[in-house]
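Think of it as A, B, C and D in the order they're written, each chain with its own count starting at 1.
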Amino acid sequence: MSKFKVGIIGATGYVGAELVRGLSAHPDTRITVLTSRSFTGKKFSDIYPSFSGICDIGLTDGTPEETAGQCDLVITALPHGVSSATVPTLLESGVRVIDHSGDFRYRTLEPYTFSYGLEHPCPELLSEAVYGIPELYRSKLADAKLTANPGCYPTCSVLALAPFLRHGLISPDGIVIDALSAVSGAGRKADLPFAFCELDESFKPYSVINHRHTTEIEQECSFIAGREIHVTFTPHLIPVKRGMLATIYAHPASSDGSCSLASLREALENDYKDERFVRVMKGSALPTTSHVAGTNYIDISVDFDPRTGLVKIFSALDNLGKGAALQAIQAMNVMFGLPEDTGLANLMSGL
Amino acid sequence: MSKFKVGIIGATGYVGAELVRGLSAHPDTRITVLTSRSFTGKKFSDIYPSFSGICDIGLTDGTPEETAGQCDLVITALPHGVSSATVPTLLESGVRVIDHSGDFRYRTLEPYTFSYGLEHPCPELLSEAVYGIPELYRSKLADAKLTANPGCYPTCSVLALAPFLRHGLISPDGIVIDALSAVSGAGRKADLPFAFCELDESFKPYSVINHRHTTEIEQECSFIAGREIHVTFTPHLIPVKRGMLATIYAHPASSDGSCSLASLREALENDYKDERFVRVMKGSALPTTSHVAGTNYIDISVDFDPRTGLVKIFSALDNLGKGAALQAIQAMNVMFGLPEDTGLANLMSGL
Amino acid sequence: MSKFKVGIIGATGYVGAELVRGLSAHPDTRITVLTSRSFTGKKFSDIYPSFSGICDIGLTDGTPEETAGQCDLVITALPHGVSSATVPTLLESGVRVIDHSGDFRYRTLEPYTFSYGLEHPCPELLSEAVYGIPELYRSKLADAKLTANPGCYPTCSVLALAPFLRHGLISPDGIVIDALSAVSGAGRKADLPFAFCELDESFKPYSVINHRHTTEIEQECSFIAGREIHVTFTPHLIPVKRGMLATIYAHPASSDGSCSLASLREALENDYKDERFVRVMKGSALPTTSHVAGTNYIDISVDFDPRTGLVKIFSALDNLGKGAALQAIQAMNVMFGLPEDTGLANLMSGL
Amino acid sequence: MSKFKVGIIGATGYVGAELVRGLSAHPDTRITVLTSRSFTGKKFSDIYPSFSGICDIGLTDGTPEETAGQCDLVITALPHGVSSATVPTLLESGVRVIDHSGDFRYRTLEPYTFSYGLEHPCPELLSEAVYGIPELYRSKLADAKLTANPGCYPTCSVLALAPFLRHGLISPDGIVIDALSAVSGAGRKADLPFAFCELDESFKPYSVINHRHTTEIEQECSFIAGREIHVTFTPHLIPVKRGMLATIYAHPASSDGSCSLASLREALENDYKDERFVRVMKGSALPTTSHVAGTNYIDISVDFDPRTGLVKIFSALDNLGKGAALQAIQAMNVMFGLPEDTGLANLMSGL
């Protein structure tokens, strides 16, 4: 079998680099194009010397049409607003696309406008795009022309909540998501607030009201629950490179507040028992970000606090892995009809 | 004025070392005794070389009576269960005591037994002990024979919640406290789970059901609210040396869910406007742990999420500072009739 | 082709875990045995939850004979002194061995006794063991029954010095090796000096006179230079999980102190131009530990200080990668007649 | 006694903030002016919220004359080239100055031009400036109009070498200084190479040929030795916020290579026995950067490697403390005739 040809537009951010890491280890794909506006003419490994000998492809700045012409699939790792100006041309050129921005993640315009404050240039694509969580939209992804790769917080939150919402075990009202993210989630940029000495040995909340990912989480939770849901979401910044943790509080669905921890765990285990990249923690074990570093795994556990009657759900993933680039590769495998764990099965950062 | 004589029992843990740091910079006290079972005969600066030239006092292992005889005040930094076996003798010897364990923090036996699983050897002291948050119990502390220095999580949580509970602005029901702690909170010990390579670049929840500090938080919140409160509390471990953050979710008290952010901020500012060590954040600024590193400050802010109708309260302190040793010095100042910020006003770690 | 069967004795240390990471991604091997005295009966992924779904093999505590019977190759990750008591039995059982301790790295007894202070139980094996740096001993490794995997500092130092000693470009006298190591080099243990709060935000020299690896470095440098060499070696501990850097100072070999930087760089490039896992830095680029994290690469550069007439050589590797487990897999590939980069070509930690 | 009035020009860099930390804890000074071009009109604590309640002075952008008029001493924390354009005006206004740049550290123009590549606008001030290491130039500092605060690497290196050069115990030839620095040494700036994700978990050499501080080290070592000295100097970047370590290699001075470790240690101890901020390590203890964090101390030890006949000297300081701002305060104390440890005696970061 000849290898699938994959290009990345916007390859030199942290998500781009993680895509290159994943694709370099993938047996059935070949990277044909890496584009970068800032570093055109350099090699990818000039920007990321860790890739020297692994990926020395030259960075180009071709048009979307040119890129599309060299690829079976183009992955765009561009800012929102920029993606929506690029993706239509790619699709018109006949190539399939996985996009990493927020531009195609919404079913309707309203939450996009609310969260991103932009007018959408191609709203007609929203209904065409498939939300790229394979555990939720596997069958649609198989034929997707355009996959909208989810945000890291939504992936971490929605996969953790899905079984309980789906089976009506928790109330859709009053869900609180308290989330912690590594610094790489902010991208590769020269901003003082992200300088080493400003962040090292420090942690804090940020964007505590209306963080952009809130509406994305709500959309997917609402879809699963079959009714509109609003969630309280608070992100925090933790001084590590990779990792994300969600601690989620929810009320049991029963009218009398009763709740069976066994039922919660059974739902979690059953729903994910055939999922290659969801690991349900055993017993009282708890998700820990280092356990998922460099992987496409999400680790989830659930517990119940009898003192206050709240369900606690915990989930951890790598914000660049299952939270971004590696999930995109998982979706790509589905789109290409490959076994879903191709190239991902043993990927990990190690200690 | 001759200096007050202070001794520390259990001086070589991290809380002990922070006490020595604070007392070394204190103009009106003199450290007369430092005890250590493990390092008797060595100098304090042999164990903590950073103190060489600052505190070179020899470590002794005298009886409580001997220690009491050399001090106006003894600060005990011992594990729970050990404190309650030591403190009565100190008090009988006529010395005043500030204790860092959980042994004397409770007004009643029940929550102590629930959280610590121990039979209390001297329950009669519970009513005598004063809970050592000066912002709450300043007048009682002035005459206290025994001060029970609070836990770090309770200090961080209770001071953040107090104004809103006191003024009836939030409901006492359904409070969720999601808290993050630095590693030093676990103490100085040679356990594999606390080894550098096990924790570096990793974060996780722990003790997610019935962490010991839950009942302590509930006791103080209940007292302020004038009715019994149960809180949902979840601690997490963050790979830094010092720092603690609480993100707290509460419902507005109004029956219709309405809430005035201005009223919340006004209550916070008013209640703490004369407090030297509580800093209310201005505008949308948020507490950040590096801002309180090495200090006795607690930084607090409040916000309101109109999307879900929840109040969000944020507070940060240094778990060894306002969360432990420096708050003990603040309480000591009150007990000695000194200006409350003596020796603490300019204490900070710097960058 | 059926897969080669590999076992690891002492699988639950950090080197063991890195071996499992590497072997799990290796297409031509199968892990058949993982032994652990401390954790017998548990699964490997119980000890390292990051491996859940990747390596869930049960840990056993069989005899060396039993282990040998299930393997084509046994990799021992045991302390010195323990290895030398185990390896002879393995060899007698007919299995090939790669050993990670210092027990079989020496050609003669004297430096071993000097550095390890032990009487060697099987000195006759020293002449049989092959020192496991493929770049130096590739042909011998092909037939080796016993490979002594080198120390991390020796690998980092010897590969950096080899071209210049080999071509007589630097003097064998007066070489100074100043080396920095990540914390994982100390192994997985519950010692207070390796606790997170003791090491975080701190760095220091250690074992500054006669660190054990000194004699190992000297042996290999002497062999290359064709005369006895003593080196000055100073290790330092840096608060990161993975990574090692050597900064090496040497005098030019010329009697008049003259030195051609071009010649130095040419020797470095020529000697390593066909080596898959040695990356010679271009121009003035310098080795950086994050660039080799999780890889089997060593990055090397050379410069010349005209002010003082000293040659400066820099090399970086991952102390668990090329400095330990992944180099063992590289050696294993040679021993099995596989392409040397099998399973290693794309291995990296990512950001 | 009324307090000395001190102003800081360029107060919002990391050195400026450390000066404010030190001066805030100083009993005999009062900060009267803090200038900042970037943040004029804001309070210092707006830029560094950790100082809220400690230093809330407003940032101004007055002329040097205006600043001078409000101060007994002005401390300039400006880049080289900018200092030399500002300091003459300050001096002409009659105020004393401590400058942090490289502009006034040299006795002669040549090394300044070599290292900084600038034409010096006021070379006549070079002979007037006193190099601000109190341990070396205490008596001159007492009357200094202009103190040139040394670089961090020179302070760390020169104080470590001084006793051995002074007493002729080491050869002035062939000295190698291998130094490690925390990230704050690069200053407060929004550059990608200093972004958290670029530096965390990584270490590397940099500026390995002709780092600017080389000539400054050489000037002072030459002065002590009484002859011209060239040193080999290599800095490295370590992912921590504060701290610096020098590992120095030198040949014994004796013609036969003999060396007495006892003599080395005696020289070190004798020369510094009355120095308040130099701590000579006892026995085989080694300097460790966390031991000096936030302090004005430098820790030094010496050892001898009998294997190779080299002397090894180790020194640690805080690059912002004894390496910059706190040493400036020590010099200020000398200039004001105050006890040298005023305000510095107990300053430390703690754990």
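Heads up, the rule we're going with is that contacts are C-beta pairs under 8 Å (C-beta built on N, C-alpha and C of every residue); 3 or more make two chains touch, one makes a residue touch a chain.
This structure is a prediction, so every number in the text was calculated from the model and none was measured.
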| item | value |
| --- | --- |
| Which of B-C and C-D has more C-beta contact pairs | C-D |
| From chain D, the most remote chain by mean C-alpha position | A |
| Between chain B and chain D, centroid-to-centroid distance (C-alpha), Å | 37 |
| Computed distance of Cα centres, chain D from chain C, in Å | 39 |
| Distance from chain C to chain B - Cα centre to Cα centre, in angstrom | 47 |
| Interface hub residues of chain A, defined as touching at least two other chains | 14, 184, 197, 200-201, 239-242, 288, 290-291, 293, 351 |
| Complex interface listing, chain D residues touching chain B | 14, 17-18, 21, 24-25, 49-54, 184, 200-201, 241-242, 276, 279, 285, 288, 290-295, 297, 299, 320, 345-351 |
| Chain A residues within the chain B interface of the complex | 174, 176, 178, 180, 197, 201-206, 208-210, 214, 230-232, 234, 236, 238-243, 245, 247, 249, 286-291, 293, 303-308, 310, 312, 314, 316, 351 |
| Contact footprint of chain A on chain D as seen in their complex | 14, 183-184, 188-192, 194-201, 239-241 |
